[in-house]
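By written order: A, B, C and D. Residues from 1 in each chain.
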Amino acid sequence: MDKYNKVIKELIKFRDERDWEQFHDSKNLALAISLEASELNELFLWKKGEEVENVKIDKIKEELADILSFTFLLAEKHKLDVFDIVLEKIKQNAEKYPVAKAKGTAKKYNEL
Amino acid sequence: MDKYNKVIKELIKFRDERDWEQFHDSKNLALAISLEASELNELFLWKKGEEVENVKIDKIKEELADILSFTFLLAEKHKLDVFDIVLEKIKQNAEKYPVAKAKGTAKKYNEL
Amino acid sequence: MDKYNKVIKELIKFRDERDWEQFHDSKNLALAISLEASELNELFLWKKGEEVENVKIDKIKEELADILSFTFLLAEKHKLDVFDIVLEKIKQNAEKYPVAKAKGTAKKYNEL
Amino acid sequence: MDKYNKVIKELIKFRDERDWEQFHDSKNLALAISLEASELNELFLWKKGEEVENVKIDKIKEELADILSFTFLLAEKHKLDVFDIVLEKIKQNAEKYPVAKAKGTAKKYNEL
């Protein structure tokens, strides 16, 4: 069993031992991802310059883990392969952001 | 090479071809995760009951891919193993949410 | 002096006594609004049916106050009248969402 | 009638003409605030230094108006006076962030 499958299995085990699947509709899982993403962002609020990269790694680790947990659970609920969907999106983005136009600029594709 | 490493390699290739690493400080990557999470949530806004699970899978797939892309990039920036940090967090959460107290309730650990 | 001006004056006094204007660039104020909005959303996470309207009013009050504080400060920074901009937006939205098409549906304007 | 009451009256008129109150439970209104706050944040994504304050005022105006609209509607739903709750919160924050400790630092109250 590869590592991703091990993680998914553990997440489901954790969820099912607590009888929490009843709360995990797609809307609430999406909201949970968003709230964890905000906790990650809170670590950087008001920070600038080198302070940004001085945030404690343990905090970042915890918030990233929370985001990933709910994201993996939502992907699993919809039988999506988390790696395939990212690879597919990279291809789409390559068309939206051709190197010749996008290089070195942070503009959105509709402003390129 | 396993699939996760393949994905990371492609994400970095995409980023570097466009010379975008200059924008990817931790604060902006965290913000990007949050904005993609909001786009996911927008799919469910105002929806209730069975409408929630009738959102088009293609939309969910795209937004999850965006969230995962920036999350993987931020994890990679900090040399974090995305699987290990989730497994570690599950262990921590098992202590915060013991089955005996948390079963069947959506209360936060500090209200159990 | 009307009530809104009193509130703005107090917000600025609070900020300046603490010498916090240095942190209040538009990007960080926007992020602060978002983080407070997430704290509001956290009150409703996993809740459904009548639970949604049973959230303690004191919690809602606090989070709304935080959202409003940062929103008022960002508006003030850009010399925007919070009432005029809402009235203007209502007019714009009336064109995007004509009653004949939008009545009783939660669809976005580009799907009407 | 003061300006705030005029705005609330217009917001409710707009909502009721479209029969949208059915969608406006507190959970969805809170989510709507959050999504609008993200659209505001998107204006600043990847921007740094003086770029931050060069974002077009018209965009900021629109997003602030959206945030305010849903925030006012949620406050109205709970019969909260938007000015009183901010004034009350400023008093609470003054205790959490005493000038002597908080001056010139962006630390959270529990780290002061």
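Operating definition for what follows: a residue touches a chain if its C-beta (ideal position, glycine included) is under 8 Å from a C-beta of that chain, and two chains touch if they have at least 3 such contacts.
As the structure is a computational prediction, the values presented were derived from the model and not from experiment.
Peer 1: On C-alpha atoms only, rotate chain A onto chain B and read off the angle in steps of 5 degrees.
Peer 2: 180
Peer 1: Once you count every C-beta pair in contact for both, which comes out on top, A-D or A-C?
Peer 2: By number of C-beta pairs in contact, A-C is the larger.
Peer 1: In whole angstrom, how far does the Cα centroid of chain A sit from the Cα centroid of chain B?
Peer 2: 2
Peer 1: What whole-number Å value describes the gap between the mean CA coordinates of chain A and chain C?
Peer 2: Whole-Å distance between the two chain centres: 26.
Peer 1: When you check chain A against every other chain, which residues touch at least two of them?
Peer 2: Expected reply: 23, 31, 34, 38, 41, 44-47, 106.
Peer 1: State the interface residues of chain C toward chain B in the complex, per the touch definition above.
Peer 2: Result: residues 31, 34, 45-47, 106 of chain C touch chain B.
Peer 1: Help me check something: in the complex, which residues belonging to chain C touch chain D?
Peer 2: 2-4, 6-7, 10-11, 14, 17-20, 22-23, 25-27, 30-31, 33-34, 37-38, 40-41, 43-44, 47, 52-53, 55, 57, 60-62, 64-69, 71-72, 74-75, 78, 80, 82-83, 85-90, 92-94, 97, 99, 102-104, 106
Peer 1: Using the touch rule from the top, collect the residues of chain B that touch chain D in their complex.
Peer 2: Result: residues 23, 28, 31-32, 34-35, 38-39, 41-42, 44-46 of chain B touch chain D.
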